[in-house]
């Protein structure tokens, strides 16, 4: 194996008597001193969060853990029923649906905000920027704005903005997202509130999370969410019942021939 | 779709103006008040942890997040290189290797402890129980004991036991695991310390986590771990280099023909 | 990267002007001369099948492609709805449920046959062997025997045995499986016919497929099967409807509070 | 579960005494009469291929089965090492990398051809169309043209065109792809031959495969390919060696501190 390029990873050093993660000793510096959300922040950024960053980041992550009987939860349950000895496969199957339909709004909103305002310290005229972004979408749907189900207001958005503000993260990205909502409403017969993906996109942008890895927060949070569904599927399975009903109805027209 | 059995889930109620998880209002009761580890505890058990349970559970989960360039991390990186637009697929690929080889020791240790002591309140003679369990393994490897790399002692085990004890969870399962270590050492030329999987199994058993879902804690923690590897693979990829070296070396004997 | 062990793969040599698979030139020896089932046989065994092996192996694989609205098909559809830009993720999700529940019967039957008769050329007294195997199961279910749905006879089993016999593969493993069925029926109020997994296990054993990789035939065949479900889900999706119905029914008891 | 929309699937009818796939009886019409590639064609299109379609479709699928030590093969091997009891997980992990990087060229070429020529019966001036398409790409890379490794000519492309022509499928999409190659070469210092993804895209378009499901052929073929790698990994594993070398080299700079 001739080397063409040096392999290099800065994440972890594993030695017989110590484990060093991002320059921190797991046993001495992290265990008992850091919660799982902070650990995720460390993995994403390479450094421990401040108390304020911790509060905001944990709130974002907690928001993304669970949303009921989603296709992702159903896929995980179906997979568990086939492979009960491989729980990791059921969780993986549930995560595989975390694509454009499920996390696209969050990702697109973050991209819109970060591309419109590459340097939040030089924010410029946020109101004018928002007006331009709304105009660019030309009456079409704007990522992070509106919700087909959580009406009139997605309750998660104001709560996340509140937590962000309390911790000093109600900065320019949050202002921009909120300003987009106001300008969108101005040209619309219906209110155009910021939804949860939009609020998460804005607040995570304040935390400095680049949009291309935003999806990762959703994926890791869902891994936690899916465990509850698998636990429930173990105790009181619904797979066979769903399968029987779907199969019966979907092929009834073939049977009648 | 004729119903044969009623479908039922107690995890989440999603309504237009509120999201209720395990009977708790997401926005009012959870956001800003609970960290991601506590949220995972809530998903696993259906209730919020006490401060002590939170400390212990978060420590367990943090321990399982990251262990360097494992096959799981390499699989995630390889997959990201092929499907950069689908980060969830890369994380899922990395999770799929969390089977018997990777989490078997933890799962088997928890099973051994919980089957040997179904009711920790009626623990009985722990020392005698440990002696019997060691004898049952007949000189073969005992789950949760010893480590091929972390020598002489896996540093995570004593630290986890310390955190458990500080929070009132150094109970019968921890005693049993430690007693197994002592009895195993008695019949062996080498020390037989409890390893990290063994310590996690004992401490999680103290928390009341049933062994069949123990693997889930490892899987969700690894989802967090893999994000660091994907972030690094985005910034400084190693996939093509590994592929080139492996391909070159593995097929050199065919080329020479 | 210090080498401890040489990496070696005999599958493929990829050169600028030719691709050699198992010693055969892809363009000269395989394309236009081999069908996909034969290619799978080549991948599994390292050699091209005879015409008889091809007939039998293709029949096995075709049998495993499609079985309607299984949990695997539903999981793939649910995943596609979330990640339509990543069809590979939907197919992977559908495959992840191919575990013990779905392919266990086939795998267990093959293991039973191959462990009972390690060398089919020295088959010995097949009838006595079958009697012993039935007795060992002590009235419990025997892998490869009976079916909860395909009654009185799983129609795939006699057809596969017929194809095997026509091609000279109705040998000792087929005899053993059929003899097991007869002896099982002798001690039972109900008929105990060989089912499809049992027939596949016997016939694949005749072809020399070791039981630990038997599952792979099912997995690859299902990848083909899932494409039809994804195609149909693109044209006429059922994901949202299933999600809505399941969510509504499963959480109705929470709503009424 | 109130029904809002009827569920319907036309793929399979599963009854106790028969299995009907796309209106064909599995045991009577398919087993022993159809090979695995033809079965895949049936799943993709809902009908059996003609002898000519069978020859061409099997050639395409066989081409996509195996390409050596790709990241996909390495991911599958790494996953198998962690979860040897769940071979489906290893195959799924290998498939998850079949995204834009791996199958993008094929998919993009097919899209380009099909969007440029929605009705191949009204092909019009193919040469002019090719010139326009090349011009649209403005010197940038054109999907289906050129190869960084298979030089000067990807040997699979002419062979696939040959098989297509022999079977009456050397029609307008093949002409368009070849014409694109000629026009691309005209403005380039280097030859611009059609590569394998380009040839597959053209020939599959001749067969009537819509570009949005083209990726599915690659995914199912790779499932077959991965079985060889898992079989080899069982017999002569390389996971631990790769892990050890990668870990050692990638973290050496941390160790020296």
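Think of it as A, B, C and D in the order they're written, each chain with its own count starting at 1.
To be clear about the criterion, contacts are C-beta pairs under 8 Å (C-beta built on N, C-alpha and C of every residue); 3 or more make two chains touch, one makes a residue touch a chain.
Just so you know, these numbers come straight off a predicted model, no measurement behind them.
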| item | value |
| --- | --- |
| From chain B, the most remote chain by mean C-alpha position | D |
| Result of counting contacting C-beta pairs for B-C and A-C, higher pair | A-C |
| Distance between chain centroids, defined by C-alpha means - chain C, chain D (Å) | 22 |
| Chain B-chain C separation of Cα centroids, rounded to whole Å | 31 |
| Approximate Å spacing (C-alpha centroids) for the pair chain A, chain C | 37 |
| Set of chain D residues in contact with two or more other chains | 1, 3, 7-10, 12-14, 68-69, 83, 85-86, 88-89, 92-93, 96-99, 238, 242, 245-247, 249-251 |
| Contact footprint of chain D on chain B as seen in their complex | 1, 3, 7, 68-72, 74-75, 78-86, 89-90, 92-93, 96-102, 238-239, 242-243, 246-247, 250-251 |
| Chain D contact footprint on chain A (complex, rising order) | 1, 6-10, 12-15, 20, 83, 85-86, 88-89, 92, 96, 245-247, 249-251, 253-255 |
| Complex contact set, residues of chain A against chain B | 1-5, 7-14, 16-19, 21, 26-27, 30-32, 34-40, 43-44, 54-55, 58-59, 61-63, 65-69, 86-89, 91-93, 95-99, 103, 149-151, 153, 155-156, 159-160, 162-163, 166, 212-213, 215-217, 219-221, 223-225, 227-232, 234, 236, 238, 241-242, 244-246, 248-249 |
